[in-house]
Amino acid sequence: MIRIENVTKTYSTDVTALRDASFEVNKAEFVFLVGPSGSGKSTLLRLMSRQERPEKGGVWVAGRNIVEMPNNKIPELRRKIGNIFQDYKLLLNKTVFENVAFALEVIGKPKQVIRQQVPQVLEIVGLEDKADRFPHQLSGGEQQRVSIARAFVNRPLILLADEPTGNLDPGTGEGIMRLLDRINTTGTTVVMATHDQRIVNQMRKRVIQLDRGVIVRDQHRGVYD
Amino acid sequence: MFSRITYVFREMWASLSRNLTLTVAAVITATVSLFLSGLTLLIQEGFDNQLSAWTKGVRLLVYVDNDATPEQLKVFTDALTQAKAEGTVVKDFNYCDVACSVDVAHKLYAGDPTAIELYNDKTTPSFFRVIPVNQSSATQLNQLAERLHGLPKVNAVVSPDQMITTLSVLKGFVGVRSLIMSIVLLLAAVLLIWNAIRTAMFARRREIEVMKLVGATNWFIRLPFMLEGLVTGLIGGLIGGGALLAVNQDWTDGITTRFPANSGLAAFVATGSTPWSIALAMVALGALVGAIGSATAAGRFLDV
Amino acid sequence: MFSRITYVFREMWASLSRNLTLTVAAVITATVSLFLSGLTLLIQEGFDNQLSAWTKGVRLLVYVDNDATPEQLKVFTDALTQAKAEGTVVKDFNYCDVACSVDVAHKLYAGDPTAIELYNDKTTPSFFRVIPVNQSSATQLNQLAERLHGLPKVNAVVSPDQMITTLSVLKGFVGVRSLIMSIVLLLAAVLLIWNAIRTAMFARRREIEVMKLVGATNWFIRLPFMLEGLVTGLIGGLIGGGALLAVNQDWTDGITTRFPANSGLAAFVATGSTPWSIALAMVALGALVGAIGSATAAGRFLDV
Amino acid sequence: MIRIENVTKTYSTDVTALRDASFEVNKAEFVFLVGPSGSGKSTLLRLMSRQERPEKGGVWVAGRNIVEMPNNKIPELRRKIGNIFQDYKLLLNKTVFENVAFALEVIGKPKQVIRQQVPQVLEIVGLEDKADRFPHQLSGGEQQRVSIARAFVNRPLILLADEPTGNLDPGTGEGIMRLLDRINTTGTTVVMATHDQRIVNQMRKRVIQLDRGVIVRDQHRGVYD
């Protein structure tokens, strides 16, 4: 489903965020990206949805090399991917419902689909009674759950999650992990960057560990460290 | 498809009203600039009509002393025949002898017995009446007048009023300057609409970023903003064009009621469909200005 | 303290240049509106000067038929004496008998033998010369002229040119309308400056929030923005005032060189220090507009 | 140093975020606020720096009831408090150095003080070599450290920290905790909201636990749950 081949990514500031990274993620696989702050986890996720382009190497997603993909094909690519962002990226002037509906609206889904799917997904993340709130009326963890709901309301092929439990208490965090696991078992490929030792150790999924841009470990049924 | 259209209009409206003051300022500037542009055109039209009204009635009257011999008169006839052959200034001419001239005077002062007494075949000079070519300018007429004045036995040459020259110069002076001003304002309007769009997009850059990240196409993102600019320009054009028509009506009415009947300004109006054409042109120009402003502004922020 | 001042100016400059297009648009609109306001005042001044020049030279000439009896002449003298006693319209008057009138005519047409022949003591009517009070309006003079025309044996009353009436009406027409337009534009300028500040503050609302959270006082936050508005208005005032002086110079030069010497527009200028005062007033108005716009805008966003 | 007395806070959405909460924090104390997502931890911290006002009850900070404090006294209050925000609140158009310097600049500190203190504090959070970067050129954890640096560059009396380790890997997180501990031992009062079980259990400080706006536990030398 995703293939990273000898990817090197250097930022304008002369930081090499990734150095000659290679790995492959199969369909319906669940992968944790771990590593210290600044080791390149978010960069790797951004490469997979063409928010960044590598200097060297190839990134294959759903069978196509997206590095050379023309700009007008990007929307199509992104509709296959659900993104959970480290900083949520919620729209402050839209309610919870509208934020989630927005992801369906902009790709032209009809009204009735929206009216049906959004409440469903809000219930899954436990926000059904906060549908009319605005983001600034939510706690940090609630905002994070909105961003999770938005990412998979579209039932994407691939889910890229950047610290989806960073602002959640252990209880809520475990709920989210059960959810991601369930999504994964329905055939969605999940790649998740995390610092949460406990969660990684509990789940026992494949773990790819980064250190200063280099893949130092790629272990099936791995632990945090 | 229908849901897309409602989306575009809903988003456009939301953006317009969120940026209300900037939109209002942009509309005002567009309005005033378009109004000024239109006014410039209208004033030019007024000048043209007034000038042609004045020029059309123009006759060059060359008064010849009564004691001129037939040979001396022939000098005039020859000069004018030659000028007529050239065809640039003189269209036609005719001679009005003393009897004819007294007749004209008596008709002119029909109500004034003193004047009629005054004009007898002793006191009244005969004259040549020169009808100028329609397109001939005031300068050309003045040159001709001077040339004729140089001939012998000329009593007086009544040339077209200097008012015409004054008016021409005034037209140029006012026209160029109000055109410059309206172009500067039009530029400000483009800039403002550009800016309203840019501000709208800047205010929603997070939204745009998110839209791109969830897979919206660039056109989908761009359309509401472009429409917003178009509508801003269009509203400015409509108000400006309307104001133009109103002021024109006001002025045209004023010409006949407010000013003294003989004020000499009667022709200083744009007539027929001209004001409407100009107003429509302003509406179109407003839409164009809006489209240009918003299209260039919407081009930014959209590199995937 | 010094570091605070540099901070305020640095931040103001940063904000001005970040919002460049909006600032430019605000400056342009402020410039044009202030220019138009000033121009309105200048034109009014020109109208006033022209009108007073024309009115100053006015004499009402009442031509009386030569066969008027002394008794009939006394009717005139009485009427005018009475009007003079009232003091509102007639300042003074005198009578020019036939000999005097012929004399005047001969002086007037000194270079024209035919005319001199025409004006003899048979043909030339005597006349009363009426000198109006300085402040008397064109309307009053016209009323007087009509009253006198009703008296017996009046040949003609030559009243002040209708041009004066025309000019007065024109002054009112142009004046009111250009004033309205410049006020509308001035409003747009206030709105734009308000908006430039609001946009600047909106673009930096996170920054403002953080400033407040780390303990900056409201004045510290507000000052750069208020200064920004003031500077925008001031620049508009300076450019507008400068353009006003330039156009005035251009026109004043044109009066003597571009227009025909006898165009009758010689007095249509603002003289002395008036253009300078108006330009300075525009600069002050610009600063005021900027201050108002920014002060009201900076009031928002700042509730702790 | 801080006294919360019968505080009830209801938001416009009819959510009671805090209900009759009371406790006192002494000078130089270290307090953890724990509890599930949405239980009122951030609200409590916001009340302490007058970002919110309670409907009922009193909030005393440094001896003054700040609920009734007039607006023009707020800046003075906030200069005594360092705030670490859950969403960092960095200025995107300023570099790391400028972000930290900003906190000193706006309260009128002279240039030479800024030039001396900012590099010091950047070294403490391990960002000395990233001083010239802009926030978007930093990883999530690095941004978090900038916000920590800004909060105590001013050597405040009180440090209010909302999930300061939420986006940090365990290693970096422990570093930050050692730092907060050191700051605390110099006499600064620290109140920290967190979900990080491991950290709370390791530090063994006072723990105040919230559940749906109610204080359900206030324990010295406590653990996460």
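A, B, C and D are the chain letters, set down in written order, and residue numbers restart from 1 in every chain.
Definition applied: contacts are C-beta pairs under 8 Å (C-beta built on N, C-alpha and C of every residue); 3 or more make two chains touch, one makes a residue touch a chain.
Please read these numbers as outputs of a predicted model, since none were measured by experiment.
Chemist: Chain A to chain C: how many Å between their CA centres?
Modeler: Result: the chain centres lie 70 Å from each other.
Chemist: Whole-Å distance, chain B centre to chain C centre, using C-alpha means?
Modeler: Taking the mean C-alpha position of each chain, the two centres sit 23 Å apart.
Chemist: Using CA atom averages as chain centres, what separation in Å is found between chain C and chain D?
Modeler: Whole-Å distance between the two chain centres: 65.
Chemist: On chain A, where are the residues touching two or more other chains?
Modeler: none
Chemist: Going through chain C residue by residue, note those that touch at least 2 other chains and give them in order.
Modeler: In chain C, no residue touches two or more other chains.
Chemist: Indicate which of the five shapes (line, ring, star, complete, other) describes how the chains touch one another.
Modeler: Shape = ring; chains linked end to end, path closes on itself.
Chemist: For this structure, give each pair of chains that are touching.
Modeler: According to the stated criterion, the contacting chain pairs are A-B, A-D, B-C, C-D.
Chemist: Under the stated contact criterion, what part of chain A meets chain D in this complex?
Modeler: It comes out as residues 11-13, 15, 34-38, 41-42, 86-87, 133, 137-142, 145, 162-163, 166-173, 195, 197-198, 224.
Chemist: Okay, in this complex, where on chain A does chain B touch?
Modeler: 49-51, 71-72, 74-79, 83, 89, 91-93, 102-103, 105-108, 110-111, 150, 154
Chemist: Please give the residue numbers of chain C that touch chain B in the complex, ascending.
Modeler: Of all residues in chain C, those touching chain B are 21-22, 24-25, 28-29, 31-32, 35-36, 65, 114, 117-118, 123, 125, 155, 162-163, 165-166, 169-170, 173, 177, 181, 184-185, 187-188, 191-192, 194-195, 198-199, 202-203, 247, 251, 254, 258-260, 262-265.
Chemist: Inside the complex, what are the residues of chain B that reach chain A?
Modeler: 3-4, 7, 206-207, 209-218, 220-221, 303-304
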